[in-house]
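Note that chain A is present in both complexes that follow, paired respectively with chain B and with chain C.
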Partner chain A sequence: MTRTLRNLPGYAFLTVAAVLSLFPLYFMVVSATNTSQDVLGSRLTPGTNLLQNVRDLFATADVRSAMWHSAVNAVATTLVALVVCSIAGYGFEIFHSKGKDRLMGVLLLAMMIPFAATMIPLFQLFADMGLTNSTLAVILPAVSTPFLILLFRQSSRNFPHEILEAARLDGLSELMIFARIYIPTMRSTYAAAATITFMAAWNNFLWPKVILVSPQYQTMPMLISNLTSGYVTNYGVLMLAVLLASLPTVVIFLVLQRSFAEGITGAIK
Partner chain B sequence: MNTTKKLIWLAAAAALGLSMTACSSGDSGSGTSGGDTSAAGAATTDAGTTTTTGGDALVVWTWDPAFNIYAMNEAAKVYQADHPDFQLDVQEVAWDDIQTKLTTLAQSKTLSELPDIVLVQNNAFQKNVINYPELFSSFADSGIDFSQYPQAVTDYSVIDGVNWGLPFDNGTAVAAYRTDVLAEAGYTIADFTDITWSQFITLAEDVLAKTGKPLLSGQAGSSDLIMMLLQSAGASLFDADGNPTIAGNETLKKAVALYQELVEKGILVEVNSWDEYIATFVTGQVAGTINGCWILASVQTATDQSGLWDITNLPKMDDVAGATNYSANGGSSWAITSNVSDYALAADFLKSTFAGSTAFYDTILPSSGAIANWLPASKSSVYAEPQAFFGGDAIYAKIVEYAASVPSNNTGAYYYEGRDAVSTAITEIINGADPDTALQTAQETVEFAMG
Partner chain C sequence: MTTVAGTPRDLSKARRFGLEGRRNLTGWAFLIPAALLIGVMSFYPMVQALILSLKSGKGTNLNWAEPLWYNYERLTRDTIFVQTVKNTFVYLIIQVPVMLILALILSYLLNKKDLRFKAFWRTAIFLPCAVSLVSYSMVFRTLFATDGFVNDALLALHLVDAPVNWLNQPNTARTVIIIGLLWRWTGYNMVFYLAGLQNLDYATFEAAKIDGAGPVKTFLYVTIPQLKPMILLTAIMSTNGTLQLFDESWALTAGGPANMSKTMSHYLYDVSFRLTPQFGYGAAISYVILVLVAILAFIQMKVGDRRD
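Up next is the complex of A and B:
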């Protein structure tokens, strides 16, 4: 009893924090069912305008195309980034040397450079290669990020070197060791990295906006931006679009939630 | 474990497949059509689906499917009547995105990615042409008669006597009020017409006392109203040579003092965001608004208030030489880029529609509320038709009449820097700072930005 009482302030704080965190999500869902005027009036109960909002959204914007382009960009970025960064992280830690440590330091410094500073030279580079308006141009700058390499490198610290030795003695090639032993062992790190990369790629706005010059390749964040660009914004439709754009990241997070927590804390089973 | 293995294989296969897609999607016409995003209610046209720039097809970047995109597609239909092969590819790009793209393309010298025609906000026009003249083609050889536009409107896009933009979206300022609230306090719209700001404050205080409703609202930290006040008196933040004149600018000081008085007396409610600003009049918290006439589209979303609104001109600044009851906020103009595939075609298209077709304006006014800047169109009977939402008043004719009296606004290359600095100053003044000091700081900020 006394313990429960002692914990009461903690529970109260967590309850308030939970409500504050969940309220924007609740408002987003509820607003998707309301009219624009209701949303502006901060109506907090579900309305009956969902179908009309769906009709208006699909009539105003090419949601299917934007969803498709967002999905292609996010999935491709995630898969390629996982392969590239995990190999890099593996190399940095398993084939450890002082020179590689210094290189890692340089890579980490690159994390400090804001994207806006490199955007115009990067655009020029891709334009010179004739890659504007291509999914490849959206994916390439994101396939190798210092953060992901660091994540894999740090997680590889706990990777048991004895297994490596045993595998080498058994005649397994380095590639097979990576594919058959490293990848399955580091499953939770992969899950965490996948969640982070997918979310970043799905929500990526500035670079796709700049490099996808022709709007027919527009992604969901660009579509949402367009919905607010007119003189009149239909807030119900806008909230529905935001809801649709949020769903994939929510699903990915829920599916990989447990592994995500494990991966971030660096657990190896 | 088997499931994991399967998942890995599936992921690998998906990666391969997607990489293929990634490599091939750079080709035009890959099958997934975006681009064609005509508005709900607006007629969908064939224009918007072609992606080639050869032949007669022109690519246009603009925003707002219900307004600019709709108007462009309607213009294409009008032009196609005489030019059956003409094709237009109207692509939806938000204004902020257009600005980002223009800057990126200019700085990376990738002009080949520019469309043929692009819509540019009036307030940003001079900045873009002065900083990146290589992006645009002037209208000098277009054959368009710019004397058929109010000078204040063409001035936004005139640099050194050369026209770089064709005005489209009308930004003439209006004062819109709820007539039912005014009636409750014993007033009519006529009492708010041709008045000064001191008269307005007296009336608005009375309306507030009798009905509990303030007449105005605005976004805190926004200088929209201040800018409209300045333009209504033909004043600006810059002199003719483009030097900032924020410090010691008597008209600006009076405008800031007036704004402060409106806020302190509760006549103008400050809110934190644009959305909240829209909400103040849509939900009936305030009984009026002063802004560019495009705000009327948002006002009309409050369908339950139909018939209860009307518009009139702005109050005039007291004791300021050259003060008028007219001003403007926003608006936009079409620009032909330097990458235009066929200048003569683009110029002829704009000349024959936006600067030459009354029928075109007659079509777009009722369905989108797009009010012409082109004076011959405003003489059409469509403009004189009563509008039920505004109590049967012929508001479009009124707006066109106001437009002719708006003083020119000197924007220059650093207009937005000036606005931002003044916005910061206003916030500080409202919080108790000395106006002279705050405006002096704003002046220094702009001078620093100008280098």
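Up next is the complex of A and C:
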């Protein structure tokens, strides 16, 4: 009794924080089913305008194409990033040498380079190669990150050396050891890396906006930001688009929350 | 002593060296794709941007500026740029400390052993991270519309007499961006502190309790000092992120009214990719951001070190 009472301010604080965190999301979901007037009229209960909002949204913007492009970009970024960064992290740790440590130090410096400072030359680089509007141009700047390499390097420390030696004695090539033994053993690290990479890629806005110059290649965040460019904004339709764009990442978050948390904090342990 | 090549001992040595050498090479081969990509996608463009910032002209017609630092000198006279620097620093100075303190308090509460519904609190406060910056910007834009929910609520509670034109006044527009940033990122930082708290020695908390320290004292003198490396890391990450703010400025307030809530990155985009591109001038803006990130990270590391 006294214990609960003493904790009361704590519970009150957490309740306020949780309500403030969840309310905008609740508002987004409910508003997707309401008319624009109801949204502005602060209606907080589900309405009956969902289907009309769906029809209006699909009539004003090519949602299917934007969802498709978002998905392709995010999946491609994730797959390539996992391969490139995990094999590098493995290389740094398992074939450890002074030279490699020095290189890692240099690569870590790249963490401090703001994307803004590389954006214009990157645009010129891809434009010169005729790669604007290409998936390759969207994903290449995002697939090799010092953060992911560090994450894989740190978790490679837990990779048992006995297994490595045994596999070598069995005559497996180094690449085979990586592919057949390391990858399955490190499943949880891959899950963490995949979650954070997919979510970041799905939500990325600035770079796709710069490099995808033709409207038909636009991704969901670009589509959403264009919905408010007209004279009148239909808020029900806008909230529906926001809801559709958020569904994949929210579902991934709810299912893989632990992996996501491990992913963002994992590299610093 | 000379050894005859081919004795068993020597052979094994040679073989071992060969094997080591080969493994070392394999290691290099494994990390070269990643290293090359970082070189080409980060370091090379960073150098290019510096060169570009010394050029002037529009579109593809770029020449060495006269004098070379012309773009940088022009920035000091550019009132819009100066305004965006001010705006960015307002976000940085207000939002980052408030957010980190909130995240610290939340993680402290969530780390208590006897707390009930722990998973629920954690998920609820962490969930905003799953929503994209553009998406949440649109939700906040709707909530803070002049005839939107926030004004309705404030009017109903008699906290204001007339609807506030949130997005069209400089200070309120900046406030909405700060509220949005707090909403989106507090839970994210809380997760870092939770990870840090899990690595702490629980005995220190027990000792504080035995010594009669209350929750506030325990928090200030036991929790915070032990979390210092984590606080430093989150401070650097948040500073880095705030200096590069783009999505919120673009989607939530559109930089308005009249550039009063626009961020440096937003202005960089305007200069480089809207109307007639001025890549040289844009590159100069990007270098100001780069230098600010470096200076602030350096200061934070110095301050973080000093208290050890």
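Just so we're on the same page, the second predicted complex is superposed on the first by the 237 of 269 C-alpha atoms of A that agree within 3 Å, B and C clash if a C-alpha of one lies under 4 Å from a C-alpha of the other, contacts with A are read in each partner's own complex, and residues count from 1 in each chain.
Keep in mind that, in the parts below, contacts are C-beta pairs under 8 Å (C-beta built on N, C-alpha and C of every residue); 3 or more make two chains touch, one makes a residue touch a chain.
None of these values were measured; they are calculated from a predicted model.
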Chain A as common anchor, with chain B and chain C clashing or fitting: clash
Partner chain(s) touched by A:Leu254 [first = chain B, second = chain C, both, neither]: second
First (chain B), second (chain C), both or neither touched by A:Asn133: first
First, second, both or neither for A:Leu40, with chain B first and chain C second: both
Chain A: partner with more touched residues, chain B or chain C: C
Touching partner for A:Gln124 - first (chain B), second (chain C), both, neither: both
Which superposed partner A:Ser65 touches (first chain B, second chain C, both, neither): first
Partner chain in contact with A:Ala76 - chain B first, chain C second, else both or neither: first
Touching partner for A:Tyr231 - first (chain B), second (chain C), both, neither: first
Contact residues of chain A, present in both the chain B and the chain C interface: 40-42, 119-121, 123-124, 206, 210, 225, 228, 235
Chain A partner contacts - residues on chain B that touch it in the complex: 1, 4, 8, 11-12, 14-15, 18-19, 21-23, 25-26, 28, 32-37, 39-40, 51, 61, 63-67, 91-97, 100-101, 104-105, 107-110, 113, 275, 278-279, 282-283, 294-295, 297-298, 301-304
Complex interface listing, chain A residues touching chain C: 3, 7, 10, 13-14, 17-18, 20-22, 24-25, 27-28, 31, 39-42, 84-85, 87-88, 90-92, 94-97, 100, 103, 107, 110, 112-125, 140-141, 143-146, 149, 174, 178, 199, 202-203, 205-206, 210, 220-221, 224-225, 227-228, 235, 238-239, 242, 245-246, 249-250, 252-254, 257, 260-261, 264-265, 268-269
Complex contact set, residues of chain A against chain B: 36-37, 40-42, 55-56, 59-62, 65-66, 68-69, 72, 75-76, 79-80, 83, 119-121, 123-124, 127, 130-137, 139, 183-184, 187, 206, 209-210, 213-218, 222, 225-226, 228-233, 235
Residue ranges of chain C in contact with chain A within the complex: 23-24, 26-31, 33-35, 37-38, 41-46, 48-49, 52, 102, 105-106, 109-110, 112, 114-115, 120-121, 123-136, 138-143, 145, 147-149, 152-153, 183, 186-188, 191-192, 194-195, 199, 230, 233, 240, 243-244, 246-247, 250-251, 264-265, 268-269, 272-273, 279, 282-283, 285-287, 289-290, 293-294, 297
